[in-house]
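One structure is given here, and the rest of the page talks about it.
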Amino acid sequence: SSPGITEDTILIGNIQDLSGPMKELGALLPSGSNLYFDYVNENGGVHGRQIKMIVEDHSYNPQKAVAAAKKLIEKDQVFCLYHVIGTSPCEALRPILAESGVPLIAPATQSGSMSDMSRQAADLIFHTDTGYDKQTRILVDNILSKNANAKIGIIYQDDDYGENVLKGTAIAEEKAGISVQREAYQRGATDFAGQVANLMKGGVTDVIIAGIVKEPIIVMKTAVAMGYAPNFYGTSPTMDHRISLAAGSAGEGFTSVNFASLWNSDAPSALLYNELCEKAGIPAKMKGMYHFYGFITAQVLVEGLERTGKFPTRTRLVNALETFKNWDGGAFPPITYNQNDHAGTESVILVQVTDGVQNVISDWIE
Amino acid sequence: MLKLVGIETYYGKIKALHGVSLEVKEGQLVTILGANGAGKSTILKTISGLVEPEHGTIHFEGKRIDRKDPEEIVAMGIGHVPEWRRIFPELTVEENLKMGGFLLKEKELLFERMEEAFKHFPILEKRKNQKAGNLSGGEQQMLSISRALMIKPKLLLLDEPSLGLSPLLVQEIFAIIKELHQSGVTILLVEQNVNRALSIADYGYVLTTGKIFLSGTYEELLDEEKVREQYLGEGKYIRRSKLWSGG
Amino acid sequence: MTELLTGLLQETVSGIALGCIYALIALGFTLIIKATEVVNFAQGELMMVGAYVNFFFVTTFLSNQGEPTIGIYLLAFGSSIIFAVAFGWILDWVINRPLKDEPIFSVIMATISLSIILRALVGMIAGPLSLVPYSPFGNKILSVGGIVISVLDLSIIFSAIILVILFYYFFNQTKWGVAMQATSEDSVAAQLMGIPVKRVYGLVWIFSAIVATISGILLAPRMSLLDTSMGFLGLKAFPAAVLGGFGSITGAIAGGIIMGVIETISMGTLSFHFEWIKEMNDIIVWIVLIAVLMVKPDGLFGEAKVKKV
Amino acid sequence: MKRRYEDVSLTWIPVLIVAIFLLPFMLKGMTFSYKYYLFVLNMAGIYIILTVGLDLLSGYTGLISLGHSAFLAIGAYTSAILVDQVGIPFILSLFISPLIVGLFGLLIGFPALRITGMYLGLTTMGFGFIVKRLIIAFRVWTQGAGGLEVSHPVILGFSFNSDWDNYYLIFTCAIIAVIAGRRIGKSKIGRALMAIRDSEQAAEATGVHLAKYKMLVFFISGLFAGVAGVLFAHTSHFISTDHFDILLSIYFIIMVLVGGASSIYGAVLGTLFIVLLDFLFVPQLKEVIQGMFNIESGDIQSLLFGLIMFLFIIFHPTGLYGMWLKMKIYWKLFPFNPKKRLI
Amino acid sequence: MVNLQIDNLRMQFSGVVALNNVSLTVSEGEIFSLIGSNGSGKSTLFNCINGFNKPQKGAIDFNGHDLLTKQPHQIIKCGIARTFQNIQNIPYMTILDNILLGAHHRLDSKSTVKRWLTRSQRNVEEAMGLEILDFLGIINYEQKYMAGQPYGIQKLTEIARALVGKPKLILMDEPAAGMNDQETQEIAKIISEIRDELGITVLVVEHDMSLVMSISDRVCALDSGNILAMGSPEEVKNHPDVIKAFLGESGDA
């Protein structure tokens, strides 16, 4: 049989940032995934096989990601890779994936390049999340639909993430015939006084923050301090509810895009998630969108494994995933994969903070 | 006052002292002679605690000091003018002197002693606010000596104090040493200027490659042909390769 | 025009606040360099540890009473300082003493590994999730003639100035201060002067840990969320310390403020008017640094070492 | 006259070279996951080429560079662009790209004429940040922050596709680099460099043109880093600015110093030590410890790495090479404080 | 036959006048001694000749080369080598390598490349150093590291390093400092041999009057940057100003 498959186990590999700048996610995502895997395993596993996940560390260094992947594939002999975090680490894996034929399911990045079918090893990568470019486009559209005279500004991280966001911005700009004010910051920045001052000078009414967790908080606090009160929006990495906790009153009205239903909503996955959390005794501070994200991508993987059948091989897994047609897992919008499309979801919902609580304020927007 | 018994000192794996025993009595001026690399400086460094002896004991005023830190030993009243000056180059001359008086409690005393130093070496006063590293070699030597005298130690270890000084100043230095000696300071002197050293010393030790080879008063040492040959410049010309054929 | 001026003024004020953060970290570097010539790569991590320890004390003293009071803040602050003293002393024991007679570079490497260890250790003890730090100043803001500054920033500026004055006095006016300098130049000769070299080393590490802890406590609320990556701020303060001149106390604050102001203005007004600056606003400080070093190779306030042959 | 420099090393060098070339076969025989080990060794091989050059710069000459990952980056991107976009053959790029990196070395060597010590370290660190930014700015060729895919090395029609092939390519270059490094270190240039480190005055008085030699050593160091960069790009097939982090530069310096500065073999040993520790030994140890104590923490790996390094420095401050030769004295003064005499 | 000619040299360090209108000539084949009280500017004069200090005024000419326009590394090419008052050795190089450093300007790039590729060049280079080591009688130190060597050996290595460059003029700054009488005699002998056997002009700074008097052809006494007296050893020794400022009343020599 295929590597990673034994009588009673399926071995999968996950590469996270356990010691670098994103190590918080490195703790949350695998925990969420394991929550679901444990649930599946308890209920007999996938075709009688238990799912076992090995997590390696890349500390957000692509070179280390490659080393980790080599180790997982050559030494641990995993069946497939799953949920590797970060754009450049994922991109760096393409040559290995192509060489070894190991599929990568649900890379934990919303970079649109992940589902670009012209790239190397694209046939082996199954992306789930809506790309940043689409997210930005949707945000701009949405802002303009509410207020046609809105002056939009964007604060972006000056790296591959930001580049993806700007791609979407450019498309939206062209479509709407407007120009968006761009303000860059460097990864790890802790001071945004300059950028906020510029947005203020530019008379910007709606600010999109393409940051992760800390940046939106500091930006919003700085804005309050400067007496500047535009509407704030964020891309999907800002969907974490702790932003509103930490930002306090400054975070009121913050709107973020989400590519999946809220973790505390009554979507089927969310209900199951909360039930399982309760049972496993997951501490309240871990629960949230990131943890839930780990959970729901695990659902995608398990569904794929289920469809692969009793005698899984890597090719069969790829083929099985390509049979997804408007599959509704319970949190993601319906997912469709086929030979020419590995993009996964294409739509988002908008979530707004009111009184410190996140509320869904829109339907799925394509 | 000071007593070394069977001292063996190593630098890493190199044995520099092979069982040195010597004694300095209160009020004495004792000198150590020996060729380059014989271990004279090592003896002084061992006494002041800069290097730790592997074997042997050192007693100062009846107390054992061979396992103490240098700063404790200095505080007990042993001053050390190290070989090769070792002034603090980035500090000014004045600050260097202040550091010499680090252990002094009263400010007045500090300034008093500083005045004294300036009296001995007027050039230092002129260079008071200059960085010590910019001083000429001899000026640095003067500073190094003045610095050690700031605390008026009971026992003074002098390592080649006349190094790089002009003849006039060498006279001055020896005058100071004599003066100190007369005022009751015990002195252990290492000097290359053998004649001079022996002429003011009460007692002398001759060291060869880490061992005491001879000892005695000036007159006794004068009688020893070997000493005259080796150190008093009366020997015949020795072939160079033999002279420096050590290690 | 006035708009441009107020804009610049506002950015300068924000820049000074940011600069004082760099100055605080740079001051920590400076203290250790002054007495040991060691560049402490773990300075940022010391600060991070300080922030975590303070957080720990606040939560411990708080024990479910809702918002902490001033008393609790002061108590936690005091406890953190006591911790810093102990921590600095331990660091001296584990890093400095074993390597006392070794080349400076071994000590520098030891501080690099210390930074790795501290980040990992704090991560293991505090858990991977970031914390929401407390601040006694909340989100309070002062506004003078349209220029705003948060009370938190004001406290940072204030502490930086106080600490710099204190240490400046210490190093230039007291016997111990000069003794520290002497020790860094020649520890052997310093011992011969009766300077207790080990205690001097211990003292600078303690000082440096205290400065780091104070800056960590002040900085944490400004970072919005507290996690171990706060340690990397140490690297950001490097150019400030170097610009002022390594080992110069006045240099630390001058370098810090210059860097802070340049950073804010280049990200603000400059990049507002010149689009291309946006692309490179993180390297402007480096360009300034290199340019300054080309003219003054020992930093603004540093002095060239004397060497006589 | 008796043979000077009883060069014992010469007798075992051929044996060592043969052993290096046989190693993959041994690995293959021993374990079925040999490809992973080969990958790690390849990485070490690339880094060795770089650290040999860095040793000449920082170890021999005392010019601290915290920007060597930028040199690596320039080499990698230059070669990727030359081969894949301009279309010159790989083998040519292996010679041209290092030259270009060497020119960048000259550029950064220029401030080094005035700036020394940690100030220089910071200058080179700034250079690293600037290079990273420039790579992103030239997105027409470099694809910006998203990263760049790179082709396989092809020499005379033979394509190096696997870690196995790469191993031979990399280690051939590494062996040449080590030999070249040693030749440079033991010649007039090496003496001049060490003199610059310990006493610029002595160097100048004996006729060493300080500016020329500082520039020269930056150029040479750039050449080595350039070769490493070319190999890096074409054997990992994908490069991005995230690869060339400032932390990597710090690691390079650590590699040189852990090995024992101003000894080429030291740089080799140090590099092997750090890479193997980071990629093989520590992960293994982590598994053992996690098995024993049931700790669930991502930080344990860096903790172990930091601790081992720390203990190593405390107990062997003179570095691996010093340990190996039992030559503690070799390193004692180096390099910041030539004034600081032994007691 | 004039070899080194110094005219009206003035060197000032922010307030301190180290050299004030110093003029002197050193002829080829001479042993010329500079004496003077501490801080009188002797080392500064060396630094000016050698290019480390750039005097504010004056001229230095050596065999037609204007030294003031040259950098230290060019000055050695004109044929001037020196030793230092504060020893400047490379601690972690062997003594032989330390000495070969002095041959730096004698080895061109062609010979360096040759050395990389062949073995013979290495022997050629080493022979240069060994010859000098043999001359100074310290040949059995060649493979020792400089660090931790006795002071005398370090001083001799410096001299050897200066000699291996085949200079026409060698400047020695206090070669006998820290030596005992026996060793000082030895140094005196070496200095004479350097002139007699190697044909190198010697300019030496020394405080030890016995050495100065026994070997010098001419002596110049400096005092706070001014020339006090110049002439044969006897003349200078008996010059009243020199006795007052430098030798002391007892005339210890």
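A, B, C, D and E are the chain letters, set down in written order, and residue numbers restart from 1 in every chain.
Here is the rule we use: a contact is a pair of C-beta atoms (placed from the backbone, for glycine too) under 8 Å apart; a residue touches a chain by one contact, two chains touch by 3 or more.
Bear in mind the structure is a predicted one, so any value in this text is a computation, not a measurement.
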Common contacts of chain B and chain D?
C, E
Top of the farthest list for chain C, CA-centroid basis, is E
Can you name the chain that lies farthest from chain D, using the mean of each chain's Cα atoms as its centre?
B
Between chain B and chain C, what is the separation of their C-alpha centroids in Å?
44
Between chain A and chain C, centroid-to-centroid distance (C-alpha), Å
35
Where the centres are mean C-alpha positions, what is the separation of chain D from chain E, in Å?
41
So the centre of each chain is just the mean of its C-alpha atoms; given that, what is the distance between chain C and chain D in Å?
31
When you check chain C against every other chain, which residues touch at least two of them?
119-120, 123, 128, 185-186, 188, 279, 282, 307-309
Among all residues of chain E, which ones touch two or more of the remaining chains?
43, 52, 84-86, 88, 148
Residues of chain D engaged with two or more neighbouring chains
136, 201, 298-299, 301-302, 329, 331-334, 339, 341-343
Chain A partner contacts - residues on chain D that touch it in the complex
33-36, 39-40, 43, 136, 144-147, 149, 162, 236-238, 240-243, 245, 248, 279, 283, 298-299, 301-302
Residue numbers of chain A touching chain C in their complex, please.
19, 21, 23-24, 26-28, 158, 182-186, 188-191, 193-195, 197-198, 201-202, 213-214, 217-218, 221, 224-227, 242, 245-250, 285-286
Residues on chain E engaged by chain B in the complex (per definition of touch):
13, 16, 35-40, 43, 85-86, 136-141, 144, 148-153, 156, 174, 177-183, 185-186, 189-190, 207, 209, 245-248, 250, 252-253
Can you list the residues on chain A that touch chain D in the complex?
16, 18-19, 23, 26-27, 55, 57, 59-63, 66-67, 70-71, 74-75, 77, 87-89, 91-92, 94-95, 99, 113, 119-120, 158-160, 162-164
Interfacial residue positions of chain B with respect to chain C in the complex
48-50, 69-71, 74-75, 79-80, 82, 86-91, 95, 98-100, 102-103, 131, 133-137, 147-148, 151
